[in-house]
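Would you mind keeping the following structure in view while I ask a few things?
Naming follows writing order (A, B, C and D), and every chain is counted from residue 1.
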Amino acid sequence: MTPKLLKELFYRMLRIRMIEEKIADLYPEQEMRCPVHLCIGQEAVAVGVCANLSRADYVFSGHRSHGHYLAKGGDFKAMLAELYGKKTGCSEGKGGSMHLVDLSAGFLGATPVVGSTIPIAVGAALGTMLRGERRVTAVFFGEAAVEEGVFHESINFAVLKKLPVIFICENNFFSVYSPLSVRQPERREIFKLARGYGAPGFQADGNDLFEVCGLAESAVRRAQQGGGPTFLEFKTYRWREHCGPNYDNDLGYRTEAEFQSWKKRCPVEKLKKHLVKEGIFNIRDTEGMSEKIQKEIEEAIAFARKSPFPEKSLLMENIYA
Amino acid sequence: MTPKLLKELFYRMLRIRMIEEKIADLYPEQEMRCPVHLCIGQEAVAVGVCANLSRADYVFSGHRSHGHYLAKGGDFKAMLAELYGKKTGCSEGKGGSMHLVDLSAGFLGATPVVGSTIPIAVGAALGTMLRGERRVTAVFFGEAAVEEGVFHESINFAVLKKLPVIFICENNFFSVYSPLSVRQPERREIFKLARGYGAPGFQADGNDLFEVCGLAESAVRRAQQGGGPTFLEFKTYRWREHCGPNYDNDLGYRTEAEFQSWKKRCPVEKLKKHLVKEGIFNIRDTEGMSEKIQKEIEEAIAFARKSPFPEKSLLMENIYA
Amino acid sequence: MSRELKFFQAVNEATDQSMARDKAVYTMGLGVPDPKGIFGTTLGLQDKYGSDRVMDMPASENGMTGVVIGSALVGMRPIMTHQRIDFALLSIEQIVNQAAKWHYMFGGKRSVPLVIRMLIGRGWGQGPQHSQSLQAWFAHVPGLKVVMPVTPYDAKGLLISSIEDNNPVIFIEHRWLYNITGPVPEKFYRVPLGKAKVVRKGTDLTIVATSYMVLEAFRAAEILAGSGIHAEIIDIRTLKPLDDSLILDSVRKTGRLIVADTGWKSFGVGAEIIARVAEEALADLKSPPVRVALPDCPTPTSPELSRYYYPRAINIVAVVRQMLGMPKKKIVSGIKDISLDIPGDWFKGPF
Amino acid sequence: MSRELKFFQAVNEATDQSMARDKAVYTMGLGVPDPKGIFGTTLGLQDKYGSDRVMDMPASENGMTGVVIGSALVGMRPIMTHQRIDFALLSIEQIVNQAAKWHYMFGGKRSVPLVIRMLIGRGWGQGPQHSQSLQAWFAHVPGLKVVMPVTPYDAKGLLISSIEDNNPVIFIEHRWLYNITGPVPEKFYRVPLGKAKVVRKGTDLTIVATSYMVLEAFRAAEILAGSGIHAEIIDIRTLKPLDDSLILDSVRKTGRLIVADTGWKSFGVGAEIIARVAEEALADLKSPPVRVALPDCPTPTSPELSRYYYPRAINIVAVVRQMLGMPKKKIVSGIKDISLDIPGDWFKGPF
């Protein structure tokens, strides 16, 4: 990867981090009146995968989709306005944080029922193939989603039809407060499930941008060359509470120590150190980036705040096309 | 296996074969007014598996359940009366061929929605474990059932909880008229799917009683010793049409040659030849068996025919317990 | 003189002509390309349009519903087929949470042009899991449209309109209608969604019926005509959006309402129609409305029990006579009793 | 003086006492043993009864529903919990095809003693997929029972009766009821299924309400009382079997009916209740019955739209005034507008 690209990817990761933290700061104001699932700590997966996709490619996601939406190039102003329930939101305020969309960026949609966008992404891939388009479709989901039968139905069909779709599993070890131990067999590697279907399945450190990019690049190439689907499992960690702006290690479902060990492996810091070490940029550059992002965020907040709420007439609009 | 046992198992296979053929003969009379899915050609799986289960063990099945019901010791008279829609049927005529049950034989039920009894069987295994019982639960299903997401949800949970359940997949290559090639990835062995979950998975010739017994025996032992679930895939072949009494090779979804090649590998004939060769019995013995079974069948038919239909009042009975 | 087709042929032709006109239309379902072709409704289509546009599928109803939804989001117009509504229950989450809401929950950004054909099984011991008639469920869900054709003419015209509609349409076909014959123009034509139809004019009472029950209503009307009673019959055709103005007009005229539906009585179609009439035309009702529907129990398999389970023309007649205060009398439907568990001699089972 | 508990505590106590009395009772659901314990309703149970009887589960709603059904067939009495009805849609096939029909389709051989707790989400942008109120669906299915408690007293008594019932019971809890307080005896007691209750006596009209709408009906009745109008309020409590005799008696007395339900209007609960009244007590109706329910659109997320989506006391009052031919006037509910997307100040989101 060129220094220029690396800088750009770092910028994207930093931007997602700063946006999510700003949302966490503002959430207590109770103006964003919808559930939010922050992706702080998991930015590398979103950025690394989307860095290998073109704007024409499609992405779907689930409840924790802010990072995926932003990494794919989704309009940030429209996203924030959506969280504020405003008419200028990407879904006119009808969806909120759990229902983001930006067609112009190829982010076709995120919905929060666990696993349910997986077959929809596979279907989008089928559609592009039937239409003779050369797009790749990627779908992001958490490790709990592989517990849903629909995941298996989806990957079986994707392999059967050799569809250009990439399954990206962000394994952060928890489904809300439930550890993997109460949900999946011990020592059963998730990426190996995929192999059982005849789909190439790989696993890597989701906090290492380079590892993510490496696997994503070959998966995209495979899809483009008609090689069919790929399953990628990235181990990572959610820093904040499952849903909402706070930290929740005090609840006792995971240890503070475990959290700290993952915090030390912060994907943003990790990349920053590397780039500085490689002399690709210096701390001053990153400060410039922060300022630029800060400004963008302030503008988006102002936009979201001053935007109007959807008027009453919109309630019964767009029920049918 | 002792000669005595082998004779007994042959008798059970022959009995299922003769009963199914009799049903095929009588069906055109239009007195059995419900869909029937005959298991002619697949008798060895039912008999071989159930030979390793005790009466206290539980069995569930799907739409093609006659053989499983009979092999587990289900009451034949009650089954035939059920096909005739009579009050004396095992389900009082309310279920028909697709809804057989015989609690006294540990045949807890068969229902025809593909895959749907799989989680129910897993739940029965969980129940027996919670109750501290030492029963094993086995569930029979066709190879299309593994395409249902619920199969995966079920085996994931069975492995997670190390449940005493055995998954028996009768792979006869077709789902109605649809070949595996339009439903599952090429060269993707079904039993290997199970291994992806950490469940021991094996494959064998479903037309060879010895192979079936061998795998079933170790699976039952594993379950009894707390070793958890086992997945068994048996390749076999359905001789008659998917649903109904006739042959349907003329439809063209499979070749007459393929059918003939499987007919040559008839599980009943195969076992018979072996037993005769081993001098365990001679043809005359088998004739005696046929006569005995013939008599039993005639009695059951008479019973079913003369049994009363359920009266009107039964329509609104047993909706709630 | 006009060409006659059977109901299943009309469904086939509507699909065929829609696929010929629009490359985005494709069809998928268990057994769609097989030798039986969903009781003939999809026969010959794969030879004509290839295996890319006429697909079989794994027994994965839920996942495959998500798949057709996803394809619709990127420009395809899928037709999915389920041989029984009962099997489609595996895909409720995708239909109700995703397809029905997609257009609305994303502020109108995209929609899901999707037709899901579901068959209602009946007779020959279809039993508890092969016979459910859950149209009231789908009609309860905003974002879905629900269509139930009766005549071959409407089967073709309504299916074409459903395929051209930009929303998810649940298209429900009753197995016992497949063999009925009626005039069907060769040309490509539409019957608009959301429009009910007066299929028999009458003055004494209004029978609002769905799907196969329209035929039983006709038989009842014939019998009633013998006693000088003139029933008006309305074929609902589309349950959602529901064309209540036509129903209200008729009831305002006749003052009497019977709703004959193929589903269960409680919390079913009849309840909604009676409620709308009670809300809008209470004063016009000369007598209490009545529902003719399935009793609230699972479908029994035995042919003997199914005769008590499925209401028929004679039951409708009895209800009418009581409604009009006429003396009870034995009614003969004129139809061989065999039609209790099969629609006619052409139906020999097993499915 | 009697002890007071919050609704969620009453649910917890009913589960606790039932598990203490009967070893066959166990509970399973996503997050059941977690630190939040399904909004407190399952807190502390795992410590008391162990991880065999208080289980978390994989995100496999369909499969796990089959699992609890299977366990019920061999003697267990499972309580399954879904944090939203919306998620339970994945398990419809098991609930409707298997659990609801098992007893009937096998001629009464076994039954499925199973309670499935489902929560209705509302407010704080729950939005289209975390807020559905599909009780009308379950009430349409023979073999299921459907319960919707309102008071902490009933929550405990009805849950205990549901756990002791030998059939599958869909037990629907509204998120906005969790924090209401009411008297709840310490002792183990039952409130029978299938019995509605007159919770406020009145003479001028009957308001039949479900779940949270009973509270809005109360607020409306208070406001109406100010203008000398006396509304009788019936808390349905059990939708299936439906206690229509109590409803009919009340309507025969008042001659006026309003049905206030938490679900969508069309093909919903209101339709069934109006239909039964029209069938049985048409002559007693002095004015057309009216449904107060959700408009037929998906749930919008924006708080501003939810104010128009969810009907409240003032809407009921307006309907009543119109029904009685009273002049229109601006009605103030006396409740802070904040309660439009949260039940009260105690609710701070995000769930």
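Everything below uses one rule, namely that a contact is a pair of C-beta atoms (placed from the backbone, for glycine too) under 8 Å apart; a residue touches a chain by one contact, two chains touch by 3 or more.
Fair warning: this is a prediction, and the values are worked out from it, not measured in the lab.
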Intersection of contact partners for chain A and chain D: B, C
Intercentroid distance (Cα basis), chain C paired with chain A, Å: 42
Whole-Å separation of chain centres (CA-atom averages), chain B against chain C: 36
Inter-centroid spacing, chain D versus chain C (mean Cα positions, whole Å): 31
Rounded Å distance, chain A centre to chain B centre (Cα mean): 46
Residues within chain C bordering two or more other chains: 57-58, 60, 62-63, 86, 90, 93, 97, 104-105, 127-129, 142-143, 296-298, 300-301
Where chain B touches two or more other chains, by residue: 89, 91, 93-95, 99, 111, 113, 147-150, 152-153, 156, 160, 182-184, 319
Chain contact graph, described as a line, ring, star, complete graph or other shape: complete
For the chain D and chain B complex, residues of the former touching the latter: 24, 26, 52-53, 57-58, 60, 62-76, 93-94, 97-98, 102-111, 113, 142-143, 145, 166-167
Partner chain B, residues of chain A touching it in the complex: 147-153, 156, 159-160, 182-188, 192-193, 195-198
Chain A contact footprint on chain D (complex, rising order): 30-31, 33-36, 55-63, 86-87, 90, 124-130, 295-298, 300-305, 308-309, 341, 348-351
Chain C partner contacts - residues on chain B that touch it in the complex: 27, 30, 33-36, 85-86, 89, 91, 93-99, 111-115, 144-145, 147-150, 175-178, 182-184, 243-244, 251-253, 309-310, 312, 314-316, 319
Contacting residues of chain B [partner chain D, same complex]: 58, 60, 89-95, 99, 101, 103, 108-109, 111, 113, 116-128, 130-131, 149-150, 152-154, 156-157, 160, 317-321
